[in-house]
Each structure stands twice: as structure tokens, then as C-alpha cells.
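Next come two complexes built around chain A: one with chain B, the other with chain C.
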Partner chain A sequence: MENVGALALLLAFCISLYAIVASVAGRLGNKPFLTLSGERAVLAVWLLISTAAGILIYSLMTGDMRMAYVASHTNRAMPKFYKFAAWWGGQEGSLLFWSWILSTYGAVVVLTGRGKHRMLMPWVVAILSSVQIFFLTLNAFVVSPFQVLALDRVVTSVPDGMGLNPLLQYWAMVIHPPMLYLGYVGFAVPFAFAMASLISKAPGDSWIHTTRRWTIVTWLFQGTGIMLGSAWAYHVLGWGGYWMWDPVENASLLPWLAATAFLHSVMMQEKKGMMKVWNMVLIAATFFLCIYGTFLTRSGIISSVHAFAESPIGKYFVGFLAIGIAATVWLILDRLDYLKSEAELESVVSRESSFLFNNLILLASCFAVLWGTMFPVLSEKFSTEKISLDAVWFNRLMVPIGLFLLFLTGVGPLFAWRRTSMESLRKNFQWPGIGMLVVVAALYAGGMRYPYSIISLGLCFFVLATIFMEFFRGSRAINEKTNVGLIPAMIELTHRNTRRYGGYLVHMGMVLMFIGWSGHPFNQTAIGEVNKGDTMRVGSYLLKVADLTQGETSDYQWDTAILEVSKNGKSLGILEPTRRFYKIAQQGTAEVALRTRLNEDLYINYAARVGDKATLQAYVFPLVTWIWVGVVVLIGGTFVCLVPSKVARSYPRTEVVGIAKTNAPVKV
Partner chain B sequence: MNKYGKFAILMAIIVGSLSFLAYSGIQGSTSYYKTIPELRKMGNSAQSRHIRVSGNVQGDSIVREAGLVKFNLVEEKETLRVAYEGRDPLPDTFRDGAQALADGRLGPDNVFHATEIQAKCASKYAPKPGMAPDQLQPGAKPAVMTSPMRSSL
Partner chain C sequence: MLRLKFSFLFLILSATIWAQSEAQIESDEVKRVGTHINCQCGACTENVNCMMSAGQCHFCKPARTQIFKMQREGMSDAQIVQAFIAEYGEKIFRHDPNSYFWVVPYISLGVGAIAILLILRRVRGHHPPLKPAVAGGPPVDDDPTLARYRDAIEKDTAKLD
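Right, the complex of A and B next:
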């Protein structure tokens, strides 16, 4: 059966090649039947890759221990859920997963777009198929998921597999990789449309309108994936952190930052016809950073806490990136005329300029993260010494960047297009600005001495105030006109322009996350070796060890500390941090005890047992819950953005050629 | 001043201050990746630097004492004695045979005093060569992985 799978991948490879040839030839030679066959080829590729994936999943579920992939990533005792997840748990399978998502996206694009974009589609098909060919090359010829175990050329099998690391047996860790992959792969589609419109010199920004929802959904997947990984680190690893600038984390952040810049700067193109070259560069950068991220996590060029085996696929990625980037740069340079800007910047205090700075800052942060991540490799190349930069360096750079971005989040949306008058500045920023100063003064008077936290919380207040004012003003206008309540008016307002008000909600989610991050300098830690009856203190909490127990199941041994928690003499109940030791994997895991409140988390980790004593790590993490609340708000806001606006919008634009269209101006 | 001048100045300020932060930050937060043989070759200069050294934890070498964990790291047949003096308990992935990354300084006693240990989290992107589990090595000959296309030839 594994032969059928491998054969399906080979066929998919050939048919993808055919799809490229047929679409390009069909488009250039004006032969609609040939293009149509190219589109059908994409569907055939989806069928073939699905067959291969189905076979791999079937082998994983039934535990076919002849297959190398099955034997090294599952064992018989594993729950079905994790057996299925083993599909993306290893190198070979995850690459197949990549191909499969790409082919699915390709099929969706063909099925939904073929009627609409006659001129673009052949090129889109060709570009997506080229990417597909790269991944199929890896799947079919380099790291096939269908390898079998053999001894002296005789296929053999093993009694049981190696299983999945118990640390990874956690729900967030199961859906975290698919989320990230859906994000990584998804940017291929807007990229393909952008390049297709460049190649065919399609007029206007149709590629942006066509792929706007696609980009937002992909961006959402990527962001959710990143935050799931972060949540997993916080809840499972037992050190209480959620981000440590590890290369793999950075690899997932890079395309997300570039995509965020893209989502903002396309507005400039849609409304003003500016930054056309820049948007092409951004979407290409996003896509190549996705490939680069996959490369980082798969090639082992940078050591990280995530284990990567040294693998032969690195050079394929480098080759693909080099060819892809060279082709894109050439294409953009060749078509510069067609990307002429239709308007000019007019004032430093304008919406245009805030977008410009937003882009500059996002790109700078992207570059900083890239630089820091690659520093070991670069320093080895240029100074023969391999030097790594730690989290201190990243924070030193990224915290000011983040705060500046937060500031722009507040002011940007309220600046008028072209230029902003003093009158409007005063109207929009007077009260939020005063409020911010009051918050800062109050925090300082209250004894807070961390400048970054004070600034951050002040800015958070500022941005929240501007957002609330926007919602309030808009809904009061509706409320006065139609006499409905303020809340229904607010919903009506959002529905009228989902893009704008959904965007505000996304901003609000980010602000809440900043509130959570601001709590970081106030973390408190205590480590104690305790026996039954001992007490330990962390922050204002008192932990009394009521009992230390231990036991064993068929899978693991466990140690639990039963702690009576009290604060200022008031009992808060019992917490039970546990440590497990999995027998087969010979690996310990922490079952952290958490008391989550909106103001702070009490976080207790049973770190180790030494003799009859337990080593406990207790932490107090102020405000950390707001990070997760912010993520939920951000996801909600993104969904609002995806709902079609009730009022269709068209923007008055100055065209380069001909006379300006006289669309009725729509005041937002 | 024209508007492009203003933009240019603002951007220069932003980019300049970020570059300054990036450059000045490098001093305090670098650590040098060294292999154990390289560390040996460095001699006394090794003691003045923050170093990151990786290797495999030698089997049965982990000794836990009060506030201290001692073990040996092995790489390319060279052994390095490591004393872990950090505050945090060791990660779950740290055990005999694991791949570990130790951050710290080499002491005059030739013991590497680590303040931080990372053990590679075995998310099993692929089994390391030579680290295949016992089941995969029936008999004396190591199992060879071949692709089905090749084995069916």
C-alpha cells in the first residue's frame, strides 16, 4: 500500500508539471481548452495527494509498524487523537501535510475563481503548481513518508513504535502545527495572485480585492498558531514563560509581521493608489518568509530547543528561495512602470504617513528578528566564531518597537487622509492624551518604577480611549438619528463598516495583550525544598504543604504536592501541582497548578523530588491573563472584519490616466 | 523644510535609534558557541567569555548534590565536566544521553560552570542517526531505511 502512496506522489509531481505547461501554453497561445485542462490538473493533484495522505493516515491509525514513519512517531498504546496528529508530528509527514494543504488551497482557488479571473487564473495555477512541485520533490524523492524498515533489503517490522513525546501530548500542541501550516501555506495564494497580476499586467488592484479575505484568514491562522504555541509553553513547560525568542518561534513570527505590514499598506493602495511596488514586495516577502520559516524549522541550521535533525533538505530550500526571490525581483523591476503611484504624500501628520511609519516599524522589527535569529550563522560566516544573541537583546530592541507601534495604533486611525488639522487633532486626542498623562502620573505615584511598563500602560489607556470614543461617537450619531439604544446602534455601526470597526477590535485585542506584557517586570518567584507541614511564601500568597503524595499508573509515575493556599490569612483553597514521569519515554512532565485571576496568576510547578522533599517553584504573574483575553478579542475582531459590510464602499480615487472618476465620495 | 525632508529625518531617527539599540545591545547578550574540542584549544581565554557549549549527557554521569547538579558532556570523544549552579530546576528533557546546551563560563578548575541548561526537546522531527531505538536494531546489523520504490526494484 505504501507503494500506492509513493506512486500517487510521483503522479502528482508529473501532473503539477503538466499544470504549469498547460496553463502557460494555453494562456499565451490563447487556447482555452489547454488552460481548462491545467485547472483540472490542479484538482487531480489534490486527489492524488489526498490519496497519499489518506494512506499515511491509515497506516498511522492501524499501526503499520513496517513503515519507518509510523514506527518512529507512534506506538500502539497512543490514543487515536495523537495517532492522527502524528501525520504532522515528523519531518516527512509534515511536508506531506504542507503539500496537501497547498493542493487543497489550489483546488479551492480553482473552484471559486475560475469563472471570475480569466486572465489571471492560468498564471495563478502555474505559480501555485511551481510551489507544489518544490514540495512534491521533497516528498517524492528526498524525504518520502512512505519509507519502510528493511533489513538486508527484506522488509521488516518492529513490535512497537517510539511514540510521541509526552510533553507534546497536549491539545494546544496538537492543533498548533496545523494552524501554523494553514498560515504558512495560505500566503502562497495572495502571492500567486499578486505575481499573476504583475505577469499579465492586469489593470487595477483586483488581486488585492480578490485575496483580501484570503489574506486575513491566513493571517488569523498564523497568529492563532503562534499564540497556541505560546499558551502551550506557559501551561505545559513549567517555567512560566510564554515567549523566549527561540529561532522556531521567530520563524513563525517573521511572516506574521510582514503580513501585518501588508494588511495595513494595501489600504493605501486601495484608497489612494499608492505604494504599489511596496505591496508587491511585502506579499512576496511574506511568502518567502513562510518558506524560510519552514526551512529554519526543518533544516537544523540553527540550534534551538526544538530538536531538528540535521537533514538533507536544507539545500533544496536554499535553492528554491534563491530562484523564487530572483524571479520575483526581476518581475517587479521589469514591471515598475505599471506600478506607478497615483498620489503623493502630503503631510507628516496624515493617515498616509501613519501607514508609512507603521510599515517602517513592522519591517524594522521583522528585520531585527531575522538578524537576531540568523546571527549565529552570519557571525560564523564573517568572523569564524559562532555567536548567539539571547532574549535580552531581542527584548531591548522589540520592546521600544512594540511601544511605538502601540502609539501608532492609537493615533493612526484618527489622522485624516492627506493632512490633519489642529482642530481635529484636538478633538480626537485631547481627552485620551490627558487621560494617558493621568494614568502615567498615577502609576508613578503608586510606586511603579519600570519606565517601559508605565509607558506601555499609559499608551494602552490612550489607545483604548480613542477606540471607545470612535465607537461611542459613531453609535451616538446612529442613536440620535434612529432612536435605537446605544448598544444596538453600536452593532449597527459595526455592521455598516465591518472592516473599520473590526479593525478597531483587532487593535483592542493587541492593546489587551500589551497590558498582559506590561505585567512582566512584576513577576515574583520563590523556590523551596519543602516537606510535609512546611510553608513557603510567594508574593502575598502563603503556601502550606498539607501532604506530599505519589503513585503510579500503567503509563507514568506521579508525585503530587497538596498545598493549602492562603492570602492575607484568607484561605483560597487547595492547589495540587503534579510531576509525572513517563516510563516508556523516560521523560518527566509538569502538570502545573494554576490559580488564574484577571489581576494575576499564581503558578506552581512541582519541579523535582529530592529524597522525601519536594522542590516547588512558585510564581506570581501579574496581568498575564490579559494576553489570552487579548488573543480572543483579536480573533473575534478578525471575524468581524470578514463579515461583509452592509454598505458597499467605493473610494474616490485619482487615476493616473484620464479624468478623475466622479464617484460619490463616501465619508467614513 | 519640504515634506520629504521631514520624512527623511523622522525615518533616519527611527532607524538610527534602533540600530544603536541593536548594536549596543550586542555587548551584553552574546554567547559564543563552542564545541568541546574548541573550548580545550582556547586555553585561558575561554575563562573570560560567556560560552554556550553543546554535547550529549554522558550516561550515568548525572550527580545531584544540594543546590548543584554535576554531569559530563561528551562530544567527539572529548568529555567536559559541567556543574550546573542555576536557580531553575533542570528541564524535563534533561536526562542521560540527551542532547544538552550549557550556558556559562569555564572555571580555572576546568569545570564548566553553567547557569542555564537547555536540553533539546525531542519533538522528533527525525531520529538522530545512531540514536535509533533498540527495537530498530535487531541483531548485529543496523536496520536500513529504504524507500518502497527502491525496495521494489
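Right, the complex of A and C next:
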């Protein structure tokens, strides 16, 4: 059966090549049957890669231990759930997963775009198929998931496999990689439309309108994937970290930051016809950062708990990136005449200039993360000095930039397009500004002495106040007009302009996450060896070791500490941190015990046991729950953005005399 | 020096015993020290940032437990790092990043800010005449009834202050 899978990948490779040739020849030769044939080739590629993926999944689920991939990433005792997740648990399988998602996206683009975008679609198909060919090259010729175990050229099998890394056997880790991949791969679609628009010299912003929802959904997948990884780290690694600026974490953040900049600056193009070149650059940067992130994770040039083992695929990625970036740069430079701005900035204090600063900060964050990630590599290359670069250094670099971004989050949306009057500034910012100063003074008077936390919480208040004022003013107007309650009026207001008010909700989610991050300097830690019956203290909590129990399943041995928790003399119940030792992988994992509240989390890791003595690591993490609340609000806000507005709007371009008419002639 | 070596040997032995109990010691404090120590497992020679703080190999995991134990003995970060250097030589030490780590991102930020300020400076005192393409300013509603409704709300909103 593995031969069928390998054959399906080879066929998919050949048909992808055909899709490119047919689409390009059909478009250039004006032969619709060829372009249609190219689109159908995309569907055929999806069918073939699905067949290959189906065979791999079947082999994983049935435990076909003849196959090297199955033997390396599953064992017979693993639950079915994790056997399925082993599809993306290793290098070969996850690259096939990449290919499968890309082919699925390609099929969706072809099916939903039928009859539309006749000028763009052949180029879109050609570009998506080019990316597909790159990944199919890896799947079919470099790191095939269908290799079998052999001894003296005779196919053999092992009695049982190695199993999936126990650290990855956690629900969030099952969803986290697919979410990230859906994000990574999804940016190929707006990139393909953007490049198709350039190649075909298509006028206007049709590529942006076509891919707006696609970009938002992809951005959502990427963001959700990142935060699921964060949740996994917090709950599984046993020390309560949720972001360590690990190279692989950074690799996922880079395209997300670039895409966030794109989602903002694209509004300038939609509403004002400005920043056309910049938007092309941003979407291309987003896509290539996705490929770069995949390269970082898989090439082995940097070390990470998340990275795959070293493999020979790095040079293929470098080649693909070099060719892709060179072609994109040439294309953008060649089409500069078609990307001229239709308007000019009219005022320093305007929504437009706030978008410029927003883009600057987001891109600066992106560059700083990229710089920090590659710094040890560059440093060793040029000075031979090994560099230690951990979260502390990244935080010092990134926190000031993040705070400025938070400030812009509050200020930017309240500036008017074109010009903002002083009266408007006073109206919008007076009370939030005063409130922010009061909060900062109150925090300082209350004994808080961490400047970044004070500034962050003050800014959080400021941004939340501006958002609430926006909702309140609009909904009160509806309330007075229609006599409905404030809440229904607020829903009505949001429904009228989902993009604007959904955007505010997304900002609110970010603010809540900043509140969570602001609590970090106040973390409390206690590590102790505690005898059964004895107690230890962390913060205001008292932990009494009531019992130590142990047992085993077919997959692992477990140890549980039963702890009676109390706070200020009041019993809070029992917590049961557990540690597991997986027999086949010979690896231990922590199943931490967590008491979650909005003000703080009590987090306990059962680190070790010697006789009747337990080693406990106990932490109090203030405000951390707000991070997860913020994620939920951010996801909700993004969904609101995707709902069509009740009031259909079109935005007339404010044309600056003498500018719009200088646009290059349109050739189709 | 000899005393330091003996105490280090003692710590290694006790750490080995500790490691056999499969402790899962992962904390900010341990990682803080671990970032200054290079992995010595030999399997990640191609890897330029294989720090002991993150590695999952046969060197890193016991070494983290060892650091944890040393911290419990009251040793400072510098003493722990010195103990590792005494055992493995200077090659094990990882330096803090130099000033380029700071300077380059902030210079790029500054260059970007200057570029924006130059663009904005051009704007000051230069307000080209505006010619609305369809209608000026606010968005246009496709439905005239809804447009009237929206206008009424905007008038009400303007009176709020």
C-alpha cells in the first residue's frame, strides 16, 4: 500500500507541473480550455495527495510497523487520537500535511473562484502549483513518509514503535500544529492573488477584495495556533512559561506580525488607494516568512524544543526562498507604474499617518524578532563567540516596542480619515487620558514599582476606555433614535459595521492579553522537598502533602501528590499534580495541578519523589488568565469581522487633483 | 581550586542520584543559568544555539537538575557557571549578547520613523485641493433609506457632547 501512496505523490508532482504549463499557456495563448484544464489539474492534485495522506493515516491507525514513519512516531499503546496526530508529529508526515492543506486550499480557490477572476485565476493556479511542486519535491524525493524498514533488501517490521514524544501527547498540541499549518499555508492564497494581479497588470484592488476574508481567516488560524502552543507550554512544560521567545515560537510569530501589518495597511488601499506597493511587499513578506519559519523549524540550524530533527531539506528551502524572493522583487519593481498611489497624505494628525506608525511598529517588531532569532547564528559566524539569548533579553528588546504598539491601538482608530481636528482629539482622548493618569498614580501609590507593568496597565485602561466610548456613543445614538436597550443597540451598531466594531473587539482582546502579561513581574515561586503530612507555602497559599500515590497504565507509570490547599486559613480543596514516566520513550512528563482564577493562578508541578518526600515546584501567577480571556475575545472579534455588515458600504476615493490621473495606463 | 573541584564532583554525584529519580526540574531560575551553558552532547554540533536551557538530550536534562541542586545549595549564578567552566573548559560558556543586539533593531526603528516623519513633513503646509471622486468624506450607503437612517444617527452622535 505504501507504493500506492508514493505513486500518488509522484503523479501529483507531475500533474502540478501540468497545471502550471496549462494555466500559463491557456492564459497567454487565450485558450480557455487549457486554463480550465489547469484548474481541473488542481482538483486532481488534491485527490492524489488526499489518497497519499489517507494511506499514511491508515498505516498510522493500524500500526503498520513495516513503515519507518509509523515505527518512529507511534506505538501500539498510544490512544487513536494521538496516532492520528502522529501524521504531523514528524518531519515527513508534517510535510505531507503541509502539501495536503495547500492542495485543499488550491481546490477551494478553484471551486469558489469558478467563473470569477478570469484574468487572475490562471496565474493564481500557476503560482499555487509552483509552491505545491516545491513541497511535493520534498514529499516524493527527499523525505518520503512511505519509506519501509528493510534488512538486507528485505522488507521487515518491528514489534512496536517508538511512540509520539510524550510532551506532545496533550490536547492543545494535537490542535496547535494543524492551526499553525492552516495559517502558514493559507497566506499562499493572498500572495498568489497579489502576484497574479501584478503579472496580469490587473487594475484596482480586486485581489484585496477577493482575499480579504481569506487573509483574516488565515490570520486567525495562525494566531490561534500560536496561542494554543502558548497554552500547551503553560500547562505541560511544568514551569508555567507561556512564551519563551524560542526560535520556533518566533518563526510562527514573524508571519503573524507581518500579516497584522498587512491587514491594517490594506485599509489604506481600499479606502484611499494608497500604499499599493507597500501592501504587495507586506503580503509577499508574510508568505516568505511562512516559508522561512518552516525552514527554521526543519533545517536544524537552530535548536528548539519544538524543532524537528536535523535533516537535509534546509538547502531546498534556501533555494526556494532565493528564487521566490528574487522573482517577487523583480515583479514588483517591474510593475511600479501600476502601483502608484491615488491620493496623498493630507494631515499629520490623521488615520492615515497613524496607519503608517502602526506599520512601522509592527514591522519593527517583526524585524526585532527576526534579528533576535538569527543573532546567535550571525554572531557565531562573524565573531565566533557563542551567544546566550534567552527570554529576558528578548523581553528587554520587545517590551518597549509592544507598549508603543498598545498606545497606537488606543489612539489610531479614533483619528479621522484625512484630518483630525483638535476638538475631536479633545473629545476622544480627554477622559481616557485622565483615567490613564489616575490608574498609573493609583498603582504607584498602591506600592507597584515595576515601570513597564505600571505603564502597561495604564495604557490598557486608556485603550479599553477609548473602545468603550466608541461603543457607548454609537449605541446611545441608536438607543435614543429607536428606543431599544443599550445592549441590543450595541449589537445593532456592531452589525451595521462589523469590520470596524469587530476590529475594536480584536483590539480589546489584545489589551486583555497585555493585562495578563503585565502580571509577570509579580510571579511568586517556591520549590521545596516536603514529607508526607508536612506543608509548604507559596504566596498566601499553604500546601499540605496529604498523600503520595502511584500506579501504571500500559503506556506510562504515574506518581500523584495529593495536596490540601488553603489560603489564609480557609480550605480551597484538593489539588493533584502528577508526573508520568512513559515506558517506551523513557521520558517523563508533568501533569501540573492548576487552580485558575481571574486574579491569579496557583500552579503546582510535582517534580520528583524520593521515598515519602515530594519535590514540589509551586507558583503563583497573577493575572495570567487574562491572556486566555484575551485570546477568546480576539477570536470572537475576528469572527465578527467576518460577518457581512448589515449596511453595505462603499468608500469613494478622495482623489487629490493631479495624482489619480497619473496612474499608468491599464493594459489587460 | 582543588576544593572547588571536589565540591563540584560531590555535586555531580548528588545530581546523578537526583537525576535517577527522573526529576522534572524546569524553572525560570534554572533556565536563566542554563542559557549561559552550551550543550555538550555532541549531537548538535551543526546547531549554533544549542543551549542547555532548552535541550532535551542526555547532557542537558541532567545538567538542569544539577543546576537546580546547586541553586538549592545556595550557589550564585556566576558560581554555577564557573563550576561548569572548571569542568568542561571555556568552550561551554555562552556570552551575553553584545550591543549590536540592541542597536540594530532600534536603529531600523529610528530609520523607519525618520522616513515617516519626512513623508509627513512634506504634508505640512501643503494641502492639495480635494476633489471627491463620488461624494466627499464619509462612506456612502447603497440603500438610500439606510443612508438617511445612518445620517440621523450621526447627527445624534455629534450632539452627544
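We take it that the second predicted complex is superposed on the first by the 644 of 668 C-alpha atoms of A that agree within 3 Å, B and C clash if a C-alpha of one lies under 4 Å from a C-alpha of the other, contacts with A are read in each partner's own complex, and residues count from 1 in each chain.
The rule we apply is simple: contacts are C-beta pairs under 8 Å (C-beta built on N, C-alpha and C of every residue); 3 or more make two chains touch, one makes a residue touch a chain.
Predicted model only: the values in this text are computed from it and were never measured.
J.: Mind checking the superposed model to see whether chain B and chain C fit together on chain A or clash?
T.: Clash: chain B and chain C overlap once superposed on chain A.
J.: May I ask you to decide whether A:392 touches chain B, chain C, both, or neither, giving the answer as first, second, both or neither?
T.: Both: A:392 reaches chain B and chain C.
J.: Just chain B (first), just chain C (second), both, or neither: which does A:368 touch?
T.: In the superposed model, A:368 contacts both chain B and chain C.
J.: Could you look at A:347 and tell me whether it touches chain B, chain C, both or neither (first, second, both, neither)?
T.: both
J.: Using the touch definition from the top, say if A:73 reaches chain B (first), chain C (second), both or neither.
T.: After superposing on A, A:73 lies in contact with chain B but is clear of chain C.
J.: Contact-wise, after the overlay, does A:326 reach chain B, chain C, both or neither (first, second, both, neither)?
T.: In the superposition, A:326 contacts neither chain B nor chain C.
J.: Which partner does A:441 reach: the first (chain B), the second (chain C), both, or neither?
T.: The answer is neither, since A:441 touches no partner chain.
J.: Look at A:609 in the shared chain and tell me whether it touches chain B only, chain C only, both, or neither; answer first, second, both or neither.
T.: second
J.: Does chain B (first) or chain C (second) touch A:401, or do both, or does neither?
T.: both
J.: Would you sort A:336 into first (chain B), second (chain C), both or neither based on which partner it touches?
T.: Once the two structures are laid over each other on A, A:336 reaches no partner at all.
J.: By the touch definition above, which chain A residues appear in both interfaces, chain B in one complex and chain C in the other?
T.: Residues 237-239, 303, 305, 345-348, 353, 356-357, 360-361, 364, 368, 371, 376, 380, 385-390, 392-393, 397, 401, 527, 588-590, 607-608, 610, 615, 617, which sit in both footprints.
J.: Within their complex, state which residues of chain A touch chain C.
T.: 237-239, 241, 244, 246-247, 300-305, 310, 344-348, 353, 356-357, 360-361, 363-364, 367-368, 371-372, 375-377, 379-380, 383, 385-390, 392-393, 397, 401, 417-418, 427, 473-474, 476-478, 480-481, 496, 525, 527, 579, 581, 588-590, 605, 607-610, 615, 617, 647-660
J.: Can you name the residues of chain C that touch chain A in the complex?
T.: Touch residues, chain C against chain A: 18, 21-29, 31-32, 35-36, 38-39, 44, 46-51, 53-56, 68, 72, 93-98, 100-102, 104-105, 108-109, 112-113, 116, 119-120, 122-124, 127-137, 139-143, 146, 150, 152-154, 156-157, 160-161.
J.: So in the complex, which bits of chain B are touching chain A?
T.: The contact residues of chain B facing chain A are 3-4, 6-7, 10-11, 14-15, 17-18, 21-22, 25-26, 28-34, 52, 54, 64, 87-93, 95, 99, 101, 118-129, 133, 135-136, 138-139, 141, 143-149, 151-152.
J.: Which residues of chain A touch chain B in the complex?
T.: Contacts found on chain A: 2-3, 6, 10, 68, 71-73, 89-92, 94, 144, 146-153, 155-156, 158-160, 162, 164-165, 167-168, 237-239, 297-298, 303, 305-309, 311, 345-348, 353, 356-357, 360-361, 364, 368, 371, 376, 380, 385-393, 396-397, 400-401, 404, 527, 586-590, 607-608, 610, 615, 617.
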